[in-house]
Amino acid sequence: MAARADAIAPTRDTPYRRPELLQHFQSVRALSLALAADLSDADSSAQSMPDASPAKWHLAHTSWFFETFILRDHVPAYQLFDERWPFLFNSYYEAEGARMARPSRGLLSRPSLDQVRGYRLHVEAAIAAAWDQLPEAALSLIELGCHHEQQHQELLVTDILHLFAQNPLAPVVWPPEQRRPSVAPDPLRWIAGREGKTEVGHGGKGFAFDNEGPRHPVWLAPHALADRLVTNGEWRAFVEDGGYATASLWLSDGWAWVRENGIEAPAYWRRDADGQWNERFGLDGQGSMDLAAPVRHVSYYEADAFAQWAGARLPTEAEWESAAQGLDSTQGNFLDTPRAVRPLPVTPGEGLRQMFGDVWQWTRSAYLPYPGFRAASGAVGEYNGKFMSGQFVLRGGSCATPRGHSRASYRNFFYPHQRWQFTGVRLAKDL
Amino acid sequence: MAARADAIAPTRDTPYRRPELLQHFQSVRALSLALAADLSDADSSAQSMPDASPAKWHLAHTSWFFETFILRDHVPAYQLFDERWPFLFNSYYEAEGARMARPSRGLLSRPSLDQVRGYRLHVEAAIAAAWDQLPEAALSLIELGCHHEQQHQELLVTDILHLFAQNPLAPVVWPPEQRRPSVAPDPLRWIAGREGKTEVGHGGKGFAFDNEGPRHPVWLAPHALADRLVTNGEWRAFVEDGGYATASLWLSDGWAWVRENGIEAPAYWRRDADGQWNERFGLDGQGSMDLAAPVRHVSYYEADAFAQWAGARLPTEAEWESAAQGLDSTQGNFLDTPRAVRPLPVTPGEGLRQMFGDVWQWTRSAYLPYPGFRAASGAVGEYNGKFMSGQFVLRGGSCATPRGHSRASYRNFFYPHQRWQFTGVRLAKDL
Amino acid sequence: MAARADAIAPTRDTPYRRPELLQHFQSVRALSLALAADLSDADSSAQSMPDASPAKWHLAHTSWFFETFILRDHVPAYQLFDERWPFLFNSYYEAEGARMARPSRGLLSRPSLDQVRGYRLHVEAAIAAAWDQLPEAALSLIELGCHHEQQHQELLVTDILHLFAQNPLAPVVWPPEQRRPSVAPDPLRWIAGREGKTEVGHGGKGFAFDNEGPRHPVWLAPHALADRLVTNGEWRAFVEDGGYATASLWLSDGWAWVRENGIEAPAYWRRDADGQWNERFGLDGQGSMDLAAPVRHVSYYEADAFAQWAGARLPTEAEWESAAQGLDSTQGNFLDTPRAVRPLPVTPGEGLRQMFGDVWQWTRSAYLPYPGFRAASGAVGEYNGKFMSGQFVLRGGSCATPRGHSRASYRNFFYPHQRWQFTGVRLAKDL
Amino acid sequence: MAARADAIAPTRDTPYRRPELLQHFQSVRALSLALAADLSDADSSAQSMPDASPAKWHLAHTSWFFETFILRDHVPAYQLFDERWPFLFNSYYEAEGARMARPSRGLLSRPSLDQVRGYRLHVEAAIAAAWDQLPEAALSLIELGCHHEQQHQELLVTDILHLFAQNPLAPVVWPPEQRRPSVAPDPLRWIAGREGKTEVGHGGKGFAFDNEGPRHPVWLAPHALADRLVTNGEWRAFVEDGGYATASLWLSDGWAWVRENGIEAPAYWRRDADGQWNERFGLDGQGSMDLAAPVRHVSYYEADAFAQWAGARLPTEAEWESAAQGLDSTQGNFLDTPRAVRPLPVTPGEGLRQMFGDVWQWTRSAYLPYPGFRAASGAVGEYNGKFMSGQFVLRGGSCATPRGHSRASYRNFFYPHQRWQFTGVRLAKDL
C-alpha cells in the first residue's frame, strides 16, 4: 500500500519529511516494476491504439520525468543515462523539445524491457545518492513525480488490458481470483445533496494537482445522487431495451460515434456461444459477466444515453465533490498490488457507497479551469491546463487506481468517446 | 428591422397577438428571400464544406420546418408541396426520418433556386390562409420557426462568405460600402463584474430557446471584463510576436489543429503583395484590413491562445450574461437588410461597449445543460439538447445576426476549431 | 455528325484542308454547347466526386485549351479573355502552372454558365478571325484540340449522369426515347482470332493520339472473342449466383474494393419495390432494366470476376485490335446529338458485332507504352504518357462517345475500380 | 546454401527424391530460424507498417502453411498444434477461412517468439515422422512450401530493416562487415538484346510458380539493356539535378506520391550533419553511402522518373528474361547466411553483369497473366493469380533473396509506390 500523502508533504511552515518521502518514492517505483513483472518483452513493447502506450514506455517515461526534472535540473554533474532516450520517452512536454510521435511508440522494440529496467535502477540510485542534497523545490517535484507515476501505473494496467483484448488468444497477466457468487443489489436509492452555496476544490494541506484549485464557492441546485453505481445487470436491460438503437437517447456526437463504430455494448463485453451478452473480457481473461458488479468501460456518450433512458442524468463534478468531501478517499476497491483487479458489487448498507474506487464516474461537467486557476510555471505546468477543451471530468478513482492517489477534489478527464479506462456511472437527478 | 419578440408573444394569461405575429412571420420570411436575391442558381447550390449548407438549402429547410410542424401537423387536408422534398430538406431531426447526408447537400442542383422560391411562396400562402384557424400550439411553433429561420439567415450569410472565399475570383454579393478612416481605439479598460450569488438564464416573458433556462443562481468569483472587443491591430501584434508558433500558449488540441492545418492567422486574412497581413476577404470582397475593427473569424483555440498571450482569459458565460443583463440587446451592429455587413470599430466612450452585435464572443464555458434543463418534447426537442458535448458557448450576436434575434441569455455554440462564423474575443481577468 | 477525320488532316506531303478543318472545329464546338443546352447554371456547376468535373468546367477547360495553345501561342497580340481563368480551367498540365485543386472545381459558382458560354464564343471568334494566318503547327493543335474536346463531351455526359444519380429526385436532361420490346440475344458464339505475328498500333494516315503508336508487331496466342457483348440478363445471373459474395472469383484488390464499398451490382442498378434488381438509372431517368442490352457501368474488377465466373477471360488489347482492324469504326451506337443515349441490344446476325459503340470494353491489358513510344514534346505531351501506371485499357467507344472519335487503335484507360463511364464486357478465351 | 531445386524435383516420369527433398526442407527451415536468432521477443513482434509483418509472424505463418497443407490434409490423425493459431497465422487465403486483420499482426505479443519456435519444431518433427508415408502430391506441396518460406525469409529481412529504420536508436541485427574502398564503375554500356520472335516463361523441368508459365512466344522490338545496375552515385546526380522537383519526369500517380509523402530521395537515405545525402541506413546500421554500389529501395515511380531523366527507359520483363536465359541464376550476391547483406559494386568486366542478386530490377511490365495462364487449383491457387492488377514486375532477385530461389523466369511484383524491398534499376533503350 502506498504511503499516505499527508505523511510526507510539508505544511505551510515545515519542510518535507525526507525519510518518509524517500520511502514513498521507493514504494511507488517498486509498484510499477511489480506491475510489469509478468510481462514479456513483446507484451511491454506493443501499442494497441494511439491512445495507449506500451508498458515499457510507461516504465521509461516515468523515469525520464525524474531524470529530467530532478537529476538534470538539480543534481550537478549528472550524466544522462543515454542522450538519445529523452527523445524517445518525453510524452507531450513541448517545452522539453522534440519527441517520438505518439502513435509510433509501438515501433520501439529497442531498448528492451530489461534495458528499461536498468534505466529505472540507474535513476533511482542516482536520486537516492543525491537525496540529502536535494533542495526543497526538487522534493516538491519528487512528490509530483510520484503522483505522475501512479497515473501511469493505472494507464499501464488499462493499456495492457486493451492490448490483450485485441488478441484472439485472450491472454492474461494475472490469474483469475476466486469469485463469490454475487447477489443482485438493492434498487437504487436517492441521497439528497447539499444545496446552495458550497465550496469545492482543493484548499487544504497535502498534495493536489494544479487543476484541483483554487478552492472556490459554487451554488448547487437541489439534487440527489444515487447511493451506488449502475450495474452490469441494469446496463444489460438498457441494451435489451434497444438503447443502442434509439437515436433520441443520444447526444448528436454520441449517435454518430455509435453508428460509425458499430457500438452495441460496453467495451470488452462479449457474446456467448448463443449470441447473448453474458461474457466479458477483463484482466482475469474472458469469463461470465457479474451482473451485480458495476458496469465498466463505457464512454461518456453511453453514460449520458443510459441516464436519459433511466430518466435521470449524470452528476456535476461539484455535486459529486460536495457529497464526497466527508468520505475517506483511501477506502475502497483500489489497486494495492499486482493482481487482476475488477469492480466489485456494492456492499449492502445505507447511504452513499462506491464513491471511491471500483470505476471512475463520469460527470456532466466539461474539464475546464476553476476560477482563478493558474497553471504551474515551467515544463511541469504543461501538465493539466493545456487539456482543458473537449473533455469531461471523471471522479472517484477505479480498481486500477493506486490506493491513495485519488481524493475528493481529484479531477480525471477523458474525451467523451474514450472508454478503455475503468469508467462507469453514478446517476443523479434534480429535486 | 425585425418585429420585436415581446410584441407578439403571449404572457402567462394572454394569447398570441395574431396580426403582429403574422407580420413578424412575413417580415422574417421576406428577409431570407432578400438575402438570396442576388445569388445565382449555382451560388445557391454549392456547398463549400460539410459544416456549411447551400443557400438554397437554407431557404428550403426553413420552409420545410413550417410545412412539417405547422401545415402537416396542424392544417387538415394539407398536401405536401412535394412528397420527396422532406428527405432533401430535413436537417438533423432523427425523429422526422431519413434525410440526405449532410455533406451531399451540394449535389442537389435540382430543385432549382426558382423552384425553392416557389416552395417558399406555397408554404407562406398556405399558412396565411390557415392563419385564423391555427391553434395556440401552432402559433408557438410559428414563433419558434421564425427564430429558427433567423439562425439560418446568419448561416446563409456566413456560408456564402465561406464559399466565395474559396473562389480565386473573390466574388461578392453586395457592393462594398463607404468606409470612414478608422481611428485606433483607446487601450482596453477593465470593468469589474458582479460578485457572489447572481442569477442567469432566461426567466422572464418573451421567447427563448429551451437551452437558455431555467433561470438559476450561480456564484461569480471576482472578475472584470474588457470594455471592448479585441481588434485586428491587437491580433496582428499577436501574430507578429510569434503567437501561432508558440506551443506554450495553446491548448493541446489547439496546437494540434494549428499544425495539422497550417494555421497562421484568422480565417480570411490575406497577405498583400509584400507578404504582409494587410488584407482580408469579406462580404465586400478582398480589401485592406481595418486595424481598429474587431478581429473576426477566430476559433476558440485561437481566442484562448490570444488571451494567454495577453495575460488574460476568456469570460465565462455567466460573467458575460451577468454584465449584459442591463443592456439593450437590440442595439448594436446587427443585420437589418441585405448588405455587406462587417464588424465596426468601437465607438469612443465609457463602460462596456460592443456587447451585442459585431462578433460572437467566445466564452470559456462548455455548452452544457443548466440545472433543471429539460429538452422540449417532440421533434423540436432535438433542437438544442443533443448538441451538449464538445462545444463552447458564444454570446452577444454578430453583424450577421438578424436584429432582435439575440439577447442576454442567448447561447450560441460551436466546436472549438470552427471559425467561419463572425467570431471574436472579449477578454476577462480574475480580480 | 462530326466531320470525318480523314477529310481534314494532311497526308505526308499535303497541308491541312483549312475550310474543312474549320468546319470540323465549329461542328465539334457546337456539339459541346448543345450537350449543355438544357443544363441549369447549378447543374453545370456541381461536382459529384473528385473523378468528375462540373459541366461548366468541361466547357471552359476545352476553351482554355484552344486559347492557350492556339491563341496565346500562335496569334500575336491576343489578349486573354480573363487573366485569372487559366488558373481555374487548366486541368493537369504541370507545365502550364498552378491550377485549382481538382476536388474543388465544384466550388466555382462563378463564373456562371452564361459567362462560360461567352468565353467559348470569344475564343471561337478569335480563332475564326485568325484562321487564315494560323501556321500548320497550330492547325495540328486545332485537330488535337477537337479530339480533346470530344473526350470531354463524353465526360460531360457521364459526369452529369453521375451527378443526377446522387439526386433523390432522379432528374433527367433528355426525355426517354421510345423503347421497342427487346428480345433475348442468341447465346454467345466464339470467333477465333488471328494467331502468331500480327501488327497493332496506329501507323496510317489520319489523326491518332501519341499513345496509339508506333505500329509494331506482336505475337498472338490462339484465342477467340465472343461475338457480342455481355448482357444485363447474363450479369443478373452472375449476381443471383452469388458472384459478388464469392471471394475466389475476384482479384485481391477487387475483393477489397467490393467489401469496403459494399458493392453488390453494377453502378446505377436499382432494386424495385420488391428488392429485385429490375431497375436502373440512366440518362433517361430511372426505369426498368433491358435484359437484352449490354451491361454497363462495371469496373475492371467486376469484369474480371464475371469472366472468371463464366469460365472465360477478358481479351488483350492486341487481340481486340487485331479483330477490329477490318471493321468500320464510325458505324455503331455512338453519340451524334444531345439525347438520352444508352447501349442497345445486339442486332441478330453473324460474326463480331458491337465492336464499336454501345460500351467501352475492358481489356486485360494494363495501359503501358508501346515499344518505341515517345511522348509528344511540350505541354501537350503531358497528355497521355504520364498516366501509364495502374490503369487498364478499354477499347471500342460507347454510346456517349462522339461518332468518329474512336478507331481500332484507340486506347482509352481507367483505374480498375472506376465505372462511371459506359463500361462493359466482351469475353475472350484461349484456344 | 540452399539445396538446388533441380536436385530434388521429379521429372516427367520419376518421383521426387525423398532424402534430398527432406534435406532441402530442413535446410530452408533452418535458415528461417537462423535469421531470427538474434532478434528479441519484441523485435520479432513489432509491425512497422501494414505492408510489413512481424518476424514472429513470418516464422509462424510459414509453419502454418506446412501444418495446413501437409499435416492436416495428408497425415491421418494429426492434431493441430493449437486450434486457435490458424486464425492468427493464415495470411490471405480466403479459402482457408477467417484470419487476423493484416494491420493488427503487431498486436500479437502472444504467442511469444519461443512458443513460435516450439511450433516450428513441432511441425518439422511431425513432417519428418510422416515423411516416408507422404504421397507425391504432398511432396509437391513441400517443395512449394519451401519456396514460399524462402519468400518469407526475404520479407523477414526487409521487414526488420524497415522496423529498425523507424527507431531513432538505429539498431542492427548483424554487425557491419568490412567494406573495401569501392571504385567508381565504368560508364554504362549498352548490350543489344534479342529481336523478333523469342520465347519466355518457364517451360522446362524444375520448380516454378504458376505465374511463370506457360512458356510462350513474344515479339521483341530492337532494344538494348545496360550492362550493369544504376549506382547510388548516378542517383545522387539525379537528386542534385532536381529530379524529385521536376514534375515533367514523373508519372502522374508518381508525382502525386512524391508530393503527398514529401519524397526527396530513396528510402533509408539519410542526410549527414551538413545536410548532404552522404549516409544511408541498412542492415549494418547507419553509415556512409557507397556511391559505387547499386541504388536500392526505390519505387517504380522513382525508377521510371530516373529513366526519363537519363533519356532511357526501364526494360520489359520479356527483354530482361530473354537476356537472362543463358545466365546462371544461382550466381550473384544472394542471401546464404544470416548477415548484414547489401548490394555490391559491379565487378569490372564485359557484358551483362548484376543480372541476378544485389537488387530486384523494376521492369515496365505490369504484372499480368501470360497467355494460357491458369491458376493452380485449391487454396494454394490463391497464391499468385489474384494479385494481377495494379502491380509491376521485378526481376532478378536481391541480396536478401535466398540463393537458388530466383531464376530467369521468376516474376516478383509490387505496387509502384512500394520500396521497402531491395529494389533498384537497370536501364534499357530502344534501338
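A, B, C and D label the chains in the order they appear, each numbered from 1.
The working rule: a contact is a pair of C-beta atoms (placed from the backbone, for glycine too) under 8 Å apart; a residue touches a chain by one contact, two chains touch by 3 or more.
Just so you know, these numbers come straight off a predicted model, no measurement behind them.
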Distance-maximising chain from subunit D - centres being C-alpha averages: B
Rounded Å distance, subunit B centre to subunit D centre (Cα mean): 60
Interchain centroid distance [CA atoms averaged], subunit B/subunit C, Å: 47
CA centroid of subunit A to CA centroid of subunit B, Å: 38
Two or more partner chains touched - positions in subunit D: none
Pairs of chains found to touch, sorted by chain label: A-B, A-D, B-C, C-D
List of subunit D residues in touch with subunit A within their complex: 40-46, 48, 56, 84, 87-88, 100, 104, 106-113, 163, 166-169, 171
Touching residues on subunit D, where the partner in the complex is subunit C: 92, 94-95, 197, 216-219, 221, 223, 247-248, 250-255, 300-301, 304, 313, 364-366, 368-369, 371-372, 382, 386-390, 392, 416, 430
